[in-house]
Amino acid sequence: MEFYLGKMILSLNLQDYFTFVVLYTAEFLIILFFLLISAFSADYAEKYIFSLLKKKNLSARLNVCNSLKILANSFKLFFKEIIVPDKSVKIAFFLAPAILLISVLFIYSLIPYNTDFCVNKADSGLVSLISLILLFSFGITLGGISSNSNFSILGAMRHCVQLISFSVPMILTFMGVAVLSSSLSFPQIVISQAKYDILSWYIFPSFLGFVVFFIISSAIVNRSPYNFSNAKSELADGYKTEYSGVNLAIINLSEFSLFFIINMISVILFFGGFLSPFGVYVADWFSAGSFYYIILTVEQMFWLFAKTIFLIFFTLLIQTAFPRLKPVNLASFSWKYLIPVSIINILIVCVIKIVFGGFYV
Amino acid sequence: METEYSQFNILNKQTTKCGIEKITVDKCCFKKFISHLKNSAEFEANILYSVMACDTSDCIELNYNLFSEKLNRYLIITVLTDRNNPVCDTVTDLYKSAAFDEREIFDMFGVFFEGHKNLTRLLMPNSSVGNPLLKDYNFQKERSVHYETDL
Amino acid sequence: MKPICDSDMIINIGPQSPALYGSMKLAIKLNGEIIKSVESVIGYNHRGIEKLAESLTYLQYLPVVNKIDYLSGFMYMEAYCSAVEKLCDINVPERAQYIRVMLMELNRISSHLFYLGVYLSDLGSKAQFYFAFTLRDEILHILQDICGQKIMQNYFVFGGVKHDLDLNALNKICDFCSSFSQKVKELENLIIDNPAFKARTKGLGIITKNKALSYSLTGANLRSAGINLDIRKIKPYLVYDALEFQVPIDDSGDCFSRCLLRIREMIESLKIIRQCSRFLIKSSGEYKNNDVNPLQIHPQSNTVISHVESPRGIISCTIISDGSDKPSRVKWRTPSLYSIQILPELLKNRYYSDITAIVGSLDIVVSEADR
Amino acid sequence: MYKSLLQNFKAFIKVVLTLIESIFDKSGTLPKVCRDDTTSKFSGGGIEFVKNNNGKSACDGCGLCQKVCPCADAIQIKTLSDSDEVTSFVYQIDKSICIMCGQCIEYCPQQALQFSEESVNCTENKNELIMELTKD
């Protein structure tokens, strides 16, 4: 995809420095498109689950046309008045949504969508992911404290407790994956799961790691059971109580897209990313050429998004069934159970790597 | 019962239509009487259901609905207070549930309970005038209510 | 090291808040995440229902009564009707009594379902909320078929009910009973066996025996503290003494047991509904005492009290009549008022996130407390 | 310690399974709410007069509905003639005050009132909420 994009832009015969500008702008727009699509689909999935639980015939309200209402609603927010609290720290108040959106956009740029489209192929992919997730938490805390409201401060402080609880097990599970793939870059992690198709996915050697990351992932994105930093019934809207208009739209957008991307990351780390589970592609029937590339691109993207949406459906189902826990519960659960389990996971992974080293590329 | 409670200056004793005993006690010793009923083995009045006030033409009547959970007995203690200067002793130290009831009666009838720790209006706004459940409450005159602005 | 926030923080929850069941205010003083003191302020929903009685006749006051509580209208209707019936010596035919009992138990189930759904939704899980509300909708549809309205059913009159139940409605109730007994098990799986719910509510907000009695709690809140007090058993009204049911008790007194008892109560109510519908299908008779003319009720001066066991506790209605066609004074004892009163003591020195767990478990309806 | 974790995990699986079961269980699906199958005799969107074949109402202005109505001024009857016997009058029900309790329908001796299906819930003109009948 990137190859064709580059070729297309080169054919415009622009000057060298201008080519790069156009290329990166195009890539940025593609990522932004992915971000919007993922945020809206996450929102749509949530509403769909609720409609299933309600057992009412909601076919009139949940169709393709009405799903555009989410778009309209968020677009509407751009024209609303921005209300700034009186004694807030103005710079930090406006900086926080920007930090959230930027950190999420950077995470989107790390993802390998197919064999050759990955904007940021950095060798230090996992490390940058960790730092970006922490940057996101920093944005939340900044927004909460700067807006000078009791609800916001409590929400931000609770998010700090959450951060302490989830960051350590998260890094430990990433270590397991890094040991298996002998690499930190995302494209390398995906390709190293390709040798024996479904059997060489990392879900099997580091199952415990997946379980820990699955539990942690809802804490990273502030969703129930760990949504105490924006608990509706206790703290009006938590850290984003004072935000309105565009700022609120940006915060909600980045939260929903982070929810989507975290599930996508667990697909990449444990379920072989964009790889087909059977090792067979429809594109194999065609001879190599531009048509082959287009089919392969579409197919690989399909697998990536299909796996992610399946995981999101499962996550949402669990999130609806369990009440919110207390901040204390998450901290004690994390230090008592999750960290020991993820250390055991690393040991298991190391043994597997030594004994069945040839199983993974 | 008659002989035992003679020390409490019982003014009147009757049984209502649905079979509930109603004892009218003098204002000065009704609190002693209630604490006696609470502690005595004969009538362990461990629940104060509710306190009800009623505006009769010459006085304000306070009814204490007592209930004994163990003996399954129901009793109403009635106290009469002066209509012009309604003052009565509080029973919040005996029954904690009386706190809201007494605040409500203070709100609605203007009865002042001596010894109550937080005797403010319960249902009506603090700035309102008059006691609505009194028979001579003038709706047209006291209709406008100023709501408090500082929350 | 100096703490970031060394002064106490004051947070107002309400008057409009999704966590409270109506408009009421909790002024909370916080130190970090720990609650130092709570003050509950009510009266935002005061409609003067006791004052209204002085200007309305006995019949005119009847539709006002079920507006006290939007969840248990039948219970308030029953309390008022039975008080007036005692006042004027009106007999209620047996069939009418059975109809009343059956509808009241249906109302109890719908109220408990509302409680469970909203409680779990406040704690943050939506699935149970939708599950309970779909079940409640079925009951409301049945009630609409019978009485015409879903919530403010103006169905009871002095000496009976307004119109007779037909076989169609009874069949619907029987269908509901058979499907509901299955659904209760699923609801128990979703709520009682839920590990996250247990972690939130077990051992929290414990009300001891003495505290419950001293604060005059009634209903399931009192029964969870180990005291068996149910007006339906100790002083049966209508045909409750002819029916077979048990009163579930627990002695732990925490939020979890309060929730558990309400689920058990729904099962017992289902038993009562089954017995009543069995009786009503077989028997036929008067649904209303035809000797009564509700337009002309002139009781002599007297005082009557009637007690009814509502989903939230004991309702009592006191009527003082003075010989005219209007009551001199009507006093309502509403159980929610006493549940609100215990909040400051339960919430003190707890975590801030325990507020929803404790307030929700007491089943407070603020409009009932405000009158 | 880990035994309780296992127990919780079992309960967790049970909750998820119940939820999935309830999602795919279509037996409890409610029918779409439609006005036709509910009994419109006992409820409705408003109150209207029963008209006989000639398009006339049976109301004779006795004023009993006023006496049973819990809302003050919801029902108003203004007599037009000066004589003692009520023959011509204007009958008004103000829907902005009415609480739809149905007492007037229940106790009307002529059975002149019934629940209507249409309802006006919001309007710019308050006069639309007043239902009027003039009889002479």
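To keep things simple, chains are lettered A, B, C and D as they appear, and every chain counts its residues starting from 1.
We take it that a residue touches a chain if its C-beta (ideal position, glycine included) is under 8 Å from a C-beta of that chain, and two chains touch if they have at least 3 such contacts.
The structure displayed is predicted, hence computed values, not measured ones.
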Distance-maximising chain from chain C - centres being C-alpha averages: A
Comparison of A-D and A-C by number of C-beta pairs in contact, larger one: A-C
Approximate Å spacing (C-alpha centroids) for the pair chain A, chain B: 63
Cα-centroid distance, chain A relative to chain D, in whole angstrom: 50
Whole-Å separation of chain centres (CA-atom averages), chain A against chain C: 45
Distance from the mean Cα position of chain D to that of chain B, given in whole angstrom: 40
In chain A, residues with contacts to at least two other chains: 53, 55-56, 320-322
Sites on chain B at which at least two other chains make contact: none
Multi-chain contact sites of chain C, meaning residues that touch two or more partners: 127, 131, 134, 190, 194-195
Topology of the chain contact graph, where touching chains are joined (line, ring, star, complete, other): other
Interchain pairs in contact, sorted by label: A-C, A-D, B-C, C-D
Complex contacts: residues of chain A adjacent to chain C: 50, 53-56, 150-151, 153-154, 157, 224-225, 227-228, 231-234, 236, 320-329
Of chain C, residues touching chain D in the complex: 56-57, 59-64, 67, 127, 131, 134-135, 137-138, 141, 144-145, 147-149, 152, 154, 162-163, 179, 183, 186, 189-190, 193-195, 294-295
Contacting residues of chain C [partner chain B, same complex]: 12, 25, 42-43, 46, 48, 50-51, 54, 86-87, 213-216, 227, 229, 234-235, 302-306, 314, 316, 318, 320, 328-329, 331, 333, 337-338, 340-341, 370-371
Parts of chain D lying in touch with chain C, wherever the complex brings them together: 8, 11-12, 14-15, 18-19, 21-22, 27-28, 30, 38-39, 41-43, 64, 67-70, 99-103, 106-107, 115
Complex contact set, residues of chain C against chain A: 5, 9-11, 17-19, 30, 33, 120, 122-128, 130-131, 133-134, 190, 194-197, 199-200, 351-356
